[in-house]
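Here's a structure for you.
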Amino acid sequence: MAGYSANKQDHAMRLRRVEGQIRGLQRMVEDDQYCIDILTQVSAATSALKAFSLSLLEEHLAHCVAEAAQKGGPEADAKVKEASDAIARLVRS
Amino acid sequence: MAGYSANKQDHAMRLRRVEGQIRGLQRMVEDDQYCIDILTQVSAATSALKAFSLSLLEEHLAHCVAEAAQKGGPEADAKVKEASDAIARLVRS
Amino acid sequence: MAGYSANKQDHAMRLRRVEGQIRGLQRMVEDDQYCIDILTQVSAATSALKAFSLSLLEEHLAHCVAEAAQKGGPEADAKVKEASDAIARLVRS
Amino acid sequence: MAGYSANKQDHAMRLRRVEGQIRGLQRMVEDDQYCIDILTQVSAATSALKAFSLSLLEEHLAHCVAEAAQKGGPEADAKVKEASDAIARLVRS
């Protein structure tokens, strides 16, 4: 069971909303809508994806990383390194 | 006709690919996959959206903004301001 | 004369303020202050740098790019490409 | 003692380098250098600040957050929440 299972419905709903935003973008391109309006919608979708990943990351720290830290040892270090690498990818994406 | 019409097929294809990534994320959450793998996929989708918006923005500068600049006057200033605001939203999203 | 000369004092002042923030960060590290407080200060400095670059970019579009667009030809295309590349670096930094 | 004390010299050196980049930017503005070259240097300074904060954050997770997780209880939850909020500010700055 993944650490985010308690909020699975919430995550699924957020992602469905992002999917709706991406479909909306496809229609906007199809209908030759104005670039700036499309860019505004892209910024909204990007922000929604970031909010999703920040919420997932918080759960990951609270469950997987915290549990590994309680056990300690190299496994704990590996979990912290793995989470830090994911944060770096997120910050740079 | 929007300034990006020449590359409409290309834009539509990029967005369909992002839609596929978002659907993939929904399956990953549904299947309780590991948080870090989901976060990696979110970073990929965010990067794809940014690449889409940068390509759209370049076309907008090359067409709408350049045409307004050729005419000059307050319309030109307004187009530059509008594009700058869109860039700011993009940088901060 | 660069396109941003009219606001040179303003730009110089913004950068002096960022320099002050970076010196503040050095003192915080020197004094072993709490990581989270340091990270908050880094976010403030990063936001200030982004605001500086967005303001510089807007001037660049309004002057250098607009002037090149008025002349037209390959020089205009090159200026748009150059500005778009700078925006891409900014979005990804 | 802060969690990053072991790498204090390393952090101090990174920040001195960023300070040098900001001073370089001030000279570039003073000398009316080309906007695009200034923007490239801003992107470099922003990336250096992000690298600094990611390295500080990794140490914070490895020390402060991991120690709190070992003790457990509300203190552990508070540390995770605090770190998540710092990550969110970083991602959005």
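As written, the chain order gives the labels A, B, C and D, with residue 1 at the start of each chain.
We take it that a contact is a pair of C-beta atoms (placed from the backbone, for glycine too) under 8 Å apart; a residue touches a chain by one contact, two chains touch by 3 or more.
Source: prediction; values computed, not measured.
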Subunit B and subunit A - chains in contact with each: none
Subunit D against subunit C, contact positions shared by both copies (same if over half, else different): same
Identity of the chain that, by mean CA position, is farthest from subunit C: A
Length of the line joining the C-alpha centres of subunit A and subunit D, rounded to whole Å: 21
Approximate Å spacing (C-alpha centroids) for the pair subunit B, subunit D: 28
Euclidean distance of C-alpha centroids - subunit C vs subunit D, Å: 18
Junction residues of subunit D, two or more chains touched: 50, 57, 83, 90, 92
Chain-level touch network, classified as line, ring, star, complete or other: ring
Touching pairs - complete list by chain label: A-B, A-D, B-C, C-D
Sites on subunit B touched by subunit C in the complex: 50, 54, 57-58, 61-62, 65-67, 69-70, 72, 76-77, 80-81, 83-84, 87-88, 90-92
List of subunit A residues in touch with subunit B within their complex: 1-5, 8, 11-12, 15-16, 18-19, 22-23, 25-26, 29-30, 32-36, 38-40, 42-47, 49-50, 52-53, 56-57, 59-60, 64, 82-83, 86, 89-90, 92-93
